[in-house]
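One chain, chain A, links the two complexes that follow: it is found with chain B in the first and with chain C in the second.
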Partner chain A sequence: MAAVWAVVVCAVLVTGVSGTAGDSFQEELLLTPLRSGDIAATFQFRTRLDSDLRREKVSHYRLFPKVLGQVISQYSIQELHLFFTQGFWRTRSWGQPLLQAPAGAELWVWFQDSVTDVDKNWKELTNILSGIFCASLNFIDSTNTVTPTASFKPLGLANVTDHHLLRYATLPREIVCTENLTPWKKLLPCGSKVGLASLLEAERLYYSSYHSQSVHIRPICRDPDCSKVSWELRQSLTVVFDMYTNGQGKRDWSLFKMFARTVTEPCPLATQSKIYVDSSGYDKELDLFEVTPPSYLEEQVPVHGDQRIYTVYDLLKPGFFNTSRNLNVALRWKGSSADSGQPRPPVFHAERYVSGYGLQTGVINTMIYNNHPYRAFPVMILETVPWYLRLYVHTLTIITKGKENKPSYIHYVPAKDRQRPHLLEMLIQLPPNSITKISIQFERALLKWTEYPPDPNHGFYISPSVLSVLIPSVKNLKTNKLEESSLFSTLFPSSDGSSYFMRLYTEPLLVNLPTPDFSMPYNVICLTCTVVAVGYGSFYNLLTRTFQVEDSKQGGLAKKIANLIRRLRGVPPL
Partner chain B sequence: MAAPLVLVILVAVTIRAVLFRSSLAAFISERVEVVSPLNSWKRVVEGMALLDLDVSPYSGDVFHETPLIVYLFHFLVDYVEIVYMFTDVLTAVALYLAVKEYNKVSFKQQKLYLELNKYSAGSIDLLRVPTEMHYVPLKVAIFYLLNPYTILSCVAKSTCALNNAIIALFILATVKGSPLLSAVFLSLATYQSLYPITLFTSALLFLLQRQFIPVKMSSRDFWLFTCQYSSLFLGCLTVLICHSFFLLNSWDFIHSIYGFVLSVPDLTPNIGLFWYFFAEMFEHFSLFFVCVFQINVFFYTVPLTIKLKEHPMFLMFVQLAIICIFKSYPTVGDVALYMSLLPMWAHLSRFLRNIFIVSCMLVVCSLLFPVLWHLWIYAGSANSNFFYAITLTFNVGQILLVSDYFYAFLRREYHLHHGLYLTKKDGTEATLVLK
Partner chain C sequence: MGLLSDPNRRQALSRIITRLNAPLCVISYLIGVCWFLGLAFQPFTLRTYISENSMGSTMVDEKFINGDRALSYAREFAAHKKSAGGSPVAWLERTMRGIGLEVYTQSFVRNLPFPDEATERFMVKGTNVYGILRAPRAASTESLVLSVPCSEGQNNNQAVGLLLSLASYFRGQIYWAKDIIFLVNEHDLIGMEAWLEGYHDVNVTEIKSSVMMGRAGAIQAALSLEISSDVITSFDVVVEGLNGQLPNLDMVNLFLAFCQKNQLLCTIQGKLQRNDFDTFPGYIHNLQTMMLMVLKQGSARPQGDHGLFLRYHIEAITLRGINSFRQYKYDMVTIGQTIEGMFRKLNNLSERLHQSYFFYLLPSLSRFVSIGIYMPAIGFIILILILRSLDLWIKLSRTEVVTEDGAGDVEQDPRPSILSLATPIVICHATGLSLYYIPVISQEMATDHFPVSESEAVVLIAIAIYVAGLALPHNTHRALTGAGSDQGWMTLKLISLLYLAVQLGCIAVINFSLGFILAVTIVPVAAVVQPGSAKLLYALLLALVTPATTLLGSIFLYRELIEYPVTFLECWQIFLQAIAGGMLDHYLYGSLLFPFIALFVYPCWLQLWNVVFWK
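Our next item is the complex of A and B:
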């Protein structure tokens, strides 16, 4: 108890000091019941550093983690986005995600224009991050790094958009687990002791269908007229709990059921600490569930081009924890428990698969669905394919409604063996209510036996394609200011309310390559050398010797021995 | 003589036209035996597609053709099938004319040697007669045009057919005794695939022989002609390479073509010896063995030139075969070229030791290639070793074939000078051995 008091006192002191420094911390949890009966919980933690890391030398850190601040200054980072994800967001049954990430690890970084050798900084940065987050980010090298031209734009304040300062890499094979979560939690000002982060217990988080944690660092405006620059660290964690494995087949959810914890107090360093529950429901299911404990705070937030109603619990409200010692938000369904029928497909989704048979060639197919009833919109597709699948760009076909669809922008960088991957970026117009099929042929390369990973017949992971799209909104919405609105709606800047930005990822692919026999390098070396020696030997023989009439008088050693044996046998000699 | 040749050409063109129209064409053009990363048509199309996208075709590792080919097909892409059929016909006609001319030359030479009494009296059975030589050019044309290997190569639109045409024209120009054209075609062939540079000495020797210049270190004419021919060759090569540079405005193609041929980064299976060897090689020995294997291809030139300096045409044949066996990305089109020259050496058949076994080996291997490929890649019931074993056997067969011809050639030469029936000092029949 004394410790808690100490923390509170410190918090008061810090708040007093931060009156001048102005650093702030906000935390937020969003619970979204999904159409399939599963539930998505999205944590957002936002730490703001009110100093410009680019200009001044910051030596004193309060809430902002020092380790990241130093990395930003050292490697002149403009923006950093890092994702660790396990599982795949099923857009078809779960609806559109707030922030999707591809399975494995994904890292994209904008460097400042003062950087001369971007590749060197990138290499060092990936190794540093690998240490900070206990991940295999050091496997990021030139064979999986690309420089997209249009798919990734800076999300924060930026005066440069020269894409040569951008590096993007994914590691689809990366396995995410608690060793990645612990360093991530340590970046929070309150750690995982109090506040919403106390819900993050590894044992429950990794027992879920989808788990994605991310770190976003970007410069933002400190005030509305943007005279000063602050740095924002946004840590976000999304987890989807399965109705059958976690909820025992019932759609009733509570914080305790999900995390085996309840919220007992907010982080004392936070200036905002809220729990949002998506209570707008879907269509006919409206008001089919009730949220306990009841809250009379409701907020309308524009999400995915729609006004959504959220029940809000403000944990910092004085006296909030006086009535009850802890907060266990629960959703209770009134209607029939399961099966609300086939969910309505989302406006935009995509899927990808490999077709063909055998280990020689294959086709990568991407299906993109535009379910908007009357609006066409363009989509930017980014494909990164490793060099060992040799893409043939002349076989690229894009077919919409049975007709050839010509991309209005295409950027292709072919792969170099053992050096860099293929990069294909295209801008494709999607007509309303349409399915677009993109297919491209590839050839599977035979690698050197040392280049195969352990268990080569498991296959090789191909990173997901990235679809960036500006979707027209159903309603025209006005956007709120950054500081006041909820965190989950403010990651992607939107210029006006008529459309909203979304980035989707398709499934990663698993492709088999032909393999040599790993057990017999010695045999192969010996046999091939023997054949070469047969060639060499027979030519050497013919080149160096001459024809001669055999003279029977001279015999070799063999003949002498033969004659000796013949004499012993009593047979006339040769 | 022209009528049978026209007939053969018509038959060959019909077969190719039918195959081009059939569904087999797509299947054949994916076969690893027929196309290699260097000459596959799919990659030529890819290179043109990259040019259309304003991407240098050499910035990636898919396209390894020369800039001239990509620009040639940029204009001819709509008539590509006709171009390939025409190329094959051109090769056959060039070989036909070359062999016809060579027969004349060699007959004259034989007559001269007889007059000079260089041949033994007992070798009269070995002399070549016009009736036997009459059908050799036609046989060569037939061996080229109707060889299944050539047909497959043509239907797959492998640019190997173009290289063969250039080499055939080079042989024709050399046999006709034109140093300029010979140097031009040799430099074109070298520019296309690098390895034909080893044909330089044989062409030089042939041209020297035609101009009655003795191959002597002390002879001034010899050095003069050698310098003249090599400067012609190097000049043409420089022009070609500079021309390619100006077409694309970059030197990338040098590394992308010749670096690719020499360092063997692409291990796509083929009928050669390199792919599996370097897939299984220990990394730190890789460079060493690449050097050894590449030196192996080029090195045979020196001893062969010394041994066969009187017989440049046979030297050329052996060189073509060695290139085909030991090059980094061989295809059956290369095999077809030197095999089509076999009828030229039909008079050696008396001395061939194991031609039947070798022919059976080559035929069986050719049939087993697709079978074992299917088992490995599609059925999954065999592994890479099966296909590898067949490539080994096929190459052993080729080596035995060439060394057998070489042996027979040397033996015939010996008999020509010492008589066909050799006797010992005591009058009994003697046997001939290599010592």
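Our next item is the complex of A and C:
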């Protein structure tokens, strides 16, 4: 068996050197017990294409999905990040996420500098992706697309940082379900037949509190000296299982309980197949839970400024499945699920809400919390607000600890009605142990009556604001090389151990606009016609008529009859 | 449309208006009153129905069974409340967190402008506790609220127990699409106002509260629950909110649908529905129910905790569990299932409740009168004012014509100067302003000099200013030119009538009941008053229809209708309390009744008083 693998690896290496496509595939699953008692499962699948899609014409695809490879070369994409999310990552009770995504769909793409008409490519790309992923990405148009200047940087190898090549859009209303999952699973080399992907059963995945799947494509270095470029497709999927709805109040977990499946074999095409269980706990001195079956492989990985200990199961280790036919990782809590008080809030989190009442004006408020005991750090905020909320920029106030906080960088692009949204980017310094409140007033526009959706009284979504932040670590950590560390820590590699990068999203907002009663047009038509007929008619009559003193001798028939009656009554005639 | 352009026909029309004015006015008034009384007649009303499609078609299947748990929570809560001497914040937080909710607290302080003697409050300090059930796979954009006031004494313990037990049951369900907020508010309405202002981050009243941390998007609907016994015999639904605002009728329909499904006895205004609608007693019963609603709505006072939600466009009702001497009792399981069913239906909503009526009167729980049907009643009464002012206007313009082409020496009847009209109007409004501002400002001075409490001082000052207003204005215009003429009082009366018509028209759109109560009393007297020999009679009539007397009469009528009649002395006591309560409602929750009466209706009424004593 080992010999066979050695031959395969050699073959891969040889083909890689000789310049033809030599790809690799890695899979991993990370199980993290969250501080609230829920559990998060993060799948990461990485497919590497060892040829440069930018330069050469690639016609032979082995592991890398052809459909995406063609899209990349067709539309000259430098980097692509696509998220589909159902639910919202509760940073306050779950802690900081590895990779958060906003509710709904999010897409951001860097194009290569050879592209002349970025908007045209973007438009076509969104339509293609809409077809590939069965999503309503075709609703991305100029009214919800922005070009942020500082919030998004290329994550892969890049020689372009001109932000005009970047496009960013979110669809907060997008509902994510199985029809998005199936095409996503089809991109995997092993599909969902074997390997870790066999756990991805739709029924269980959508029986959860949070579900997020993403696709990241970027160019990376093939070797340490970076002489050649490979393309990486990273697919990740995060689910959070709720202990109350699934576990009947018990917090014990196993793979079977979560996915109704167990792992029976790794994907035969994978060069790495591992399951990690976060066993560091939240309070170091307490050994809160035990993991079965026991594994003696442990790994220390710096994640979010903290050194975490992971129990590792290497599925490719020869003889791993010999002792037991399948692997059912289980987690058993030792203590009772006693009330642990208010969970300690994470170092950095944010929330957003609309304040005020009535349908004319309102205020968008964002509260940003820095709970770091002694370090201040800057945060880059990106707000995208649709044009039908007219922002009053002069009302923008940023208040920290009762004092005004002046942003050191501000970039604002005002909206144009029915053409583009507001874009507001700000760099704000957050003092240690502080709450910063950003508020901006808006007025609700009155839409044309055909512009309302079929459910106008549901309200209109405002996409979440994006907070990009470089958080100083509590401990000073040394990070390993890119290729050696586990997959989940490599997407945002931090340059040094003193701080780590994180991107957080706030909740989307639901705002009601003034809505006409749609049964009214008929009434309005009737009323308007009556008013015009009666009012305009009589005014026109008065204005155009010439008045003369009437000779009382002459008179119509009516007058004669009237006079006759008056004579009978003994009243003088008219 | 020769009507406007033909001078002859115009004259004929104006002649009809002047000649037939009195009979037209009487007929109009009679039609208005009869129309209103007819609203309670069953064949003239519509049957209620659920308009909202997403709530109507299917019934949900309720599975709540934890009635015993609710009662044990209730007992525990009662014990902790007793030992804490207020809301047991720590216990509530612990219990809610144990259930699996995200728990937050909000503390608030409110200093009342003057002590409230009815509830013995002056400096109110409290803490609201609320837990949020986060809907799985929804991004906290919408939410529902279940609120229970934490009252003093033994009240509402069972409601808190049921809230907790429902919360723990709801937490285990997967189908929630909207977050659910479980709120226990202290000091009932004040706590609710603090919570709502905190949640929406506004400051309408002068309440001070701590920064609110946890939110759950736009609240779509709310339910307030009051149960003070382990079993109940019926549920009473309360709809009237602040300023006479009403929740969407679908909220009431939803409640009725689940009452019928669970065969729960339900009442409105404490009155059961009768089946003999075609008999006279049945009609009287409906009329009583409707009159109670009109009186409650007209008071502009929130009749339950739900009443404050309505300002934020959140549809809300209060459900009150009643335990009377009936044979058949319902336990917590049935009550819990009813509420579970309502929440699941509300959870299915894709839009805010908007399909059904927002303006209605309920002569019984299953019958309603919509705005289109009840508005003509007040329309006919306001028509009297229009007819009278047309009459006055025609008379005024005729005398002008006479003076212009007459002999020219008729100088004893000149047009009244602007000054002679402006003076009484300004004085009347100044009195109104002082009625609005002085009682609260000068309460300290009054308590220093007189042996009264602050609350009494405020009420007595208000009454004093009110009465003093009658003596003030009517001698000011003597020195001014033309003041003594008929034209003087006619112009003033014309202005007053039009002013009154505008006021009543506006308030009737916002709060029909208030408008109708005011209109049905003031309008007939306003139409007939004039100076002259019978001025003492007119003055007496006017005094009988002043808003204060109307309030007194309304209290008397209300106590008669709830079959709890009062003697005149008791009625006077309640009257004094009601004045203080009305002012407090304004300062605490932003009710518009007190400023509306003080700044608009009372000055207008004073102008009519001025007309009577015109010399």
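Throughout what follows, the second predicted complex is superposed on the first by the 494 of 574 C-alpha atoms of A that agree within 3 Å, B and C clash if a C-alpha of one lies under 4 Å from a C-alpha of the other, contacts with A are read in each partner's own complex, and residues count from 1 in each chain.
Methods note: a residue touches a chain if its C-beta (ideal position, glycine included) is under 8 Å from a C-beta of that chain, and two chains touch if they have at least 3 such contacts.
It should be emphasised that the depicted structure is a prediction, and the values quoted were computed from it without experimental measurement.
Engineer: Taking the superposition on A as described, I'd like to know which of chain B and chain C A:Y357 touches: first, second, both or neither.
Structural biologist: A:Y357: touches chain B and chain C.
Engineer: In the overlay, answer first, second, both or neither for which of chain B and chain C A:P516 touches.
Structural biologist: A:P516: touches chain B, not chain C.
Engineer: In the superposed arrangement, does A:R390 touch chain B (first), chain C (second), both or neither?
Structural biologist: First partner only.
Engineer: Pick one for A:N541: touches chain B only (first), chain C only (second), both, or neither.
Structural biologist: Both chain B and chain C are touched by A:N541.
Engineer: Touching A:F88 in the superposition: chain B (first), chain C (second), both, neither?
Structural biologist: So A:F88 only meets chain C here.
Engineer: Determine, under the contact definition given at the top, whether A:Y412 touches first (chain B), second (chain C), both, or neither.
Structural biologist: A:Y412 contacts chain B only, not chain C.
Engineer: In the overlay, answer first, second, both or neither for which of chain B and chain C A:P453 touches.
Structural biologist: neither
Engineer: Is A:L527 contacted by the first partner chain B, the second partner chain C, both or neither?
Structural biologist: After superposing on A, A:L527 lies in contact with chain B but is clear of chain C.
Engineer: Thinking of the overlay built on chain A, is A:G191 touched by chain B (first), by chain C (second), by both, or by neither?
Structural biologist: Neither partner.
Engineer: Where on chain A do the contacts from chain B and from chain C line up?
Structural biologist: 357-359, 515, 534, 538, 541-542, 545
Engineer: Along chain A, where are the residues that touch chain B in the complex?
Structural biologist: The touching residues are 357-361, 387, 390-394, 410, 412-418, 422, 443, 445-450, 514-517, 520-521, 524-525, 527-528, 531-532, 534-536, 538-539, 541-543, 545-552.
Engineer: Give every residue of chain A touching chain C within the complex, in rising order.
Structural biologist: Spelled out, the residues of chain A in touch with chain C are 86-88, 90, 92-93, 103-104, 172, 206-211, 242-245, 248-249, 339, 341-342, 351, 353-359, 363, 365, 435, 455-459, 461, 507-512, 515, 534, 537-538, 541-542, 545, 574.
Engineer: So in the complex, which bits of chain C are touching chain A?
Structural biologist: Where chain C meets chain A, its residues are 1, 3-5, 8, 93-94, 97-98, 100, 102-103, 134, 136-142, 171-174, 200-202, 211, 213, 215, 217-218, 311-313, 350-352, 354.
Engineer: What residues of chain B sit close enough to touch chain A in their complex?
Structural biologist: 30, 32, 42, 45-46, 48-50, 53, 55, 59-62, 265-269, 273, 275-283, 286, 293, 296, 300, 303-304, 307, 322, 325-326, 376-378, 383-385, 388, 392, 395-396, 399-400, 403, 406-407, 410-411, 414, 422, 424, 430-435
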